[in-house]
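In what comes next, subunit A is part of two complexes: it sits with subunit B in the first one and with subunit C in the second one.
So, the complex of A and B:
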């Protein structure tokens, strides 16, 4: 094995936020990239020309904002499924908990945004801990079924709540505003969501580097070893449910504010399965993987639709198929892509990133 | 149940006094979903001693360890009678993490290394149940005793060889600064030389820190060499007990559990009745 070209010589550097000078380069590139996103995908007057959504990659800021919400949701699901190994189908239910809380505290009581989000998070923790109780006895598929029950119970409560306080059409939400700063444009939403995503990423990064984060992974890998090493495994599982459902409920409330209107049909099992797909495609057990998976899952269909829209019906083989069944064809292509990714990179999208990082670190010793 | 023709090598009244006992089991009975595994096990580990627990496959050695570590619930087993005490404190009703906090560290069968975490993280996890400070000093000491781990500190636990993983499992348990160390099948799947070197290090640890050890081992010769005292269990009962020296020189024990003594073929009634029980695991 080639000697690594970068070696860490003390623990302070190893534990530091930026371990190498190259980390700063990554951060600068990321910040510049984030700054450029609204310029490219927002109001698109590039070089004096106006471009519509369908002219650059097929998506604009609205799609990116939805993707960011999905990213945070996928990160939270990964805490539970990836880090702690608890398979829960209650993900949409926690989004619904957040939305419910936002409707009650925000729309009914007129609370400002930040307290609403915090309340949504606290309610999420409470529900999460209650839902987590079966996880003390059940594992794997059995836990999945128990949380499936939660999904339907929660949706039932949501529907009753919706009909009691609001109309059958759904829950209305106020415009989100922090103090006098009204989050009313796509661009403002973009920055709000980026801040939320940044906080979640930083918080989770610190958590997973701590004793508590390690205990999640220990309880997942060998619960027997974990408990005989002094970890209270039931409490670790509940803590994982609490962390995950806190994040999901907060993002559920934000999602509600972002859409401005939600009904019980917004939280389907398909949504839950989509989140699982994001986590698995990205690389289960990796926060970065959840981010990549969620971006791929939400944005790739847009790109594929864009790429197949202007096909001439007379094109041989694919022409007729694409003009008549565009949606289905996009789904099929997406499915094939996912199968290929999982066939050649079962560790998910994050393994591509890891391969690149590894190659850079070892440079110039090995390719 | 057949009676055993052999008297215990050491009569029970020679057992150590209670105030010097690190770990004591009294009439422990355990069953797995109704099927009894332990039928009244009584054994003691004196403070600072190394005690071997020997027996054939299925005799109840691992169940005994699980009982002490409080892991019966996770294996759907139940303690139906008896008591377990450490330094006079009753622990049979405690959860395993509470038992760990009382200073009983467990090196589980099959090592159970956290394969995705680095060696260092595995060690830090071991310090979870520590009630005293000084984890960093302990880690330094542990790495001195197992230098191979220091070289691989940043590698994922899953990339270590079997012997290195066993050293890591022992080091992880030592990180808790335990009073009692439960060692379950340390030699499992390891080359004889590596097993011997691990036991030499364990002996060094015992000399240095006075940690009491309960050793479950298939390699009875090695275990008797390392330990001061031994219990032999069979079908969930203690069949013989005695000092390691006595057991090593007892002709029947030699014949049944230590691979036989050369030139002798004095099989006991027990071994003739149950040849399959004793044939497979002799070292």
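So, the complex of A and C:
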């Protein structure tokens, strides 16, 4: 009978990127999957087979790129809410900070993309530390309300900024380009975003394996115990805000470049609540969960919209509802779905994946 | 000076609606620990229920108001039994998410039933105004203040002097100890959520006399949070005082700065209160044991 190792037995493997042989399988599947996505959703051709609209559920690369941006945003929010236990509603404001910086540095001063992104990240860190200051005094709900207050205050500043430097219609952005490589097609955006996502995942994984990452979790689980072990809990909280807002500002700047045009209405509270929903549905405190949650939150409405497009308006009872109030129907279905997920899986979607992994490792023993 | 008094008076009128909504919010939070993000949507539901009763059933305002409040009570009971009851005891964030999902559902359903167009009440509170010492007092404002004051007084009497009120306060104080003493916690939760829904609906019915009935009415929920925090998240009189204060601050900043500044000023005040005195005006300091 084969001996199956459930636990890791040495520190080198625990800190390593690939902990088990099976990790390679996941990596290979992921790489092949990522390669297939632009072929299927972009070119629509794979091995001579043409994918019709209904075979790919009405998706295209634009939806997938938006989803990728949301994935990175959700991962960053999870650092704050999941790992450090700081409930923040200031997420959209950080996206706005990134977009503002990109508009100023990119559009006004004509900087190239990479320095703009770095500057956006640095400004994000600065603002993040300031916004994080209330977290030194407040916990839980009170912190949530304080960041909600900061959301409104920062959006007001954003609106003033927009009106002072640009037009009431919003901020314009140049085409993003790295050297002579212009990121101007959906496919190029896809690969750019995949690279960014990969860097963020790798960076966060290393961070969370380090002393600093563990101190985030310690500050979340028991701040008093953490400080008695010599951690500077206020500094840990601010560091978490800095990491999260760095990523969010960078992705905010990228998002601005991707859309090409943004205004203050792009950063509504609905957006914040959406990110919040992604993290919670996916499973708080898990990067994989944030990815799953973000994909579900952004892609499922597309699927639902597509599914209700071909409904005959004369279908009794629901026909008129589905065609006239498509958006509303989709949001009602999403709402019901969230309640059901949380009712039966309060740990979020990632718990399904964990169950599968666990069953595989324990095989052939019962799960 | 007359201008200032004018802003204060209209602020008190709007503020009494905020107070009513915040009261329901605090009541739900205090007894069930649910931070209800859908409070504003319940306000909107109240306004639309009143509209539905007037427009589709042809009722006058007072009858429509009573119908709307009754339906809102039933809605609250339904929410507690179907949505909240199986979820109680989950983490704070999970409950927040449940109420966010609820607000998505409510907004969708309201638009599906009533259509996306803005509405005005066919039968409103009596219009007109009187002038006292250079300050215009519209009858609508006065009626709103009066109705809100009566409603708040009724709730205060209910909490202070009735058996159910006492039990609800006990649940809010320490639900386990109250349950040991024989208080039916689930029933109290139902009552709390029903009362919270009814106060929100009442706020909606009053607000619909000042504003157009549209899904945007639910934004008032975002004002209920600062009002509740200002008064102290666990204090019912605090919610009312907080609501009035927020109403006056909002009107003053809208009047002296500009319309877009009102929300920001309110949230600036919220932030200051949170940083200086997180427990609010009436809140007791929380004792946390390690």
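The criterion applied here is as follows: the second predicted complex is superposed on the first by the 337 of 367 C-alpha atoms of A that agree within 3 Å, B and C clash if a C-alpha of one lies under 4 Å from a C-alpha of the other, contacts with A are read in each partner's own complex, and residues count from 1 in each chain.
As a working rule, a residue touches a chain if its C-beta (ideal position, glycine included) is under 8 Å from a C-beta of that chain, and two chains touch if they have at least 3 such contacts.
Worth saying up front: this structure is predicted, and the values here are computed from it rather than measured.
Enquirer: Mind checking subunit B and subunit C on superposed subunit A, clash or fit?
Expert: Here subunit B and subunit C can both sit on subunit A without a clash.
Enquirer: Contacts for A:149 in the overlay, against subunit B (first) and subunit C (second): which applies, first, second, both or neither?
Expert: After superposition on chain A, A:149 lies in contact with subunit C alone.
Enquirer: Is A:233 in contact with subunit B, with subunit C, with both, or with neither (first, second, both, neither)?
Expert: first
Enquirer: Figure out whether A:93 sits in contact with subunit B (first) or subunit C (second), or with both, or with neither.
Expert: A:93: touches no partner chain.
Enquirer: What is the contact status of A:214 with respect to subunit B (first) and subunit C (second): first, second, both, or neither?
Expert: So A:214 only meets subunit B here.
Enquirer: Contact-wise, after the overlay, does A:304 reach subunit B, subunit C, both or neither (first, second, both, neither)?
Expert: neither
Enquirer: Between subunit B (first) and subunit C (second), which, if any, makes contact with A:224: first, second, both or neither?
Expert: Both partners, subunit B and subunit C.
Enquirer: If you stack the two complexes on chain A, which partner ends up touching A:117: first (subunit B), second (subunit C), both, or neither?
Expert: Touch partners of A:117: none, neither subunit B nor subunit C.
Enquirer: With the two complexes superposed on chain A, say which partner A:247 touches: subunit B (first), subunit C (second), both, or neither.
Expert: Neither partner.
Enquirer: Decide which partner touches more residues of subunit A, taking subunit B and subunit C as the two options.
Expert: C
Enquirer: Measuring by CA atoms in the overlay, how small does the subunit B-subunit C distance get, in Å?
Expert: 6
Enquirer: Name the residues of subunit A shared by its contacts with subunit B and its contacts with subunit C.
Expert: Touching subunit B and subunit C on subunit A: residues 224.
Enquirer: Applying the document's contact rule, which stretches of subunit C touch subunit A when the two form their complex?
Expert: Contact set of subunit C toward subunit A: 35, 37, 83, 86-87, 90-94, 96-98, 100-105, 107-109, 111-112, 116, 222, 225-226, 229, 233, 260-261, 263-264, 267-268, 270-271, 274-275, 278, 290.
Enquirer: Could you pull out which subunit B residues touch subunit A in their complex?
Expert: Touching subunit A: residues 69-71, 74, 95-97, 99-101, 105-106, 108, 112, 114-117, 121, 124-126, 128-130, 172-173, 176 of subunit B.
Enquirer: Which residues of subunit A touch subunit C once you look at their complex with the stated criterion?
Expert: 81, 87, 134, 137-138, 140-142, 144-146, 148-150, 152-153, 156, 159, 224, 269, 273, 276-277, 280-281, 284, 321, 325, 328-332, 334-336, 338-339, 342-343, 346
Enquirer: Spell out the residues on subunit A that touch subunit B in their complex, using ranges where they run on.
Expert: Within the complex, subunit A touches subunit B at residues 211, 214-215, 217-218, 221-233, 285.
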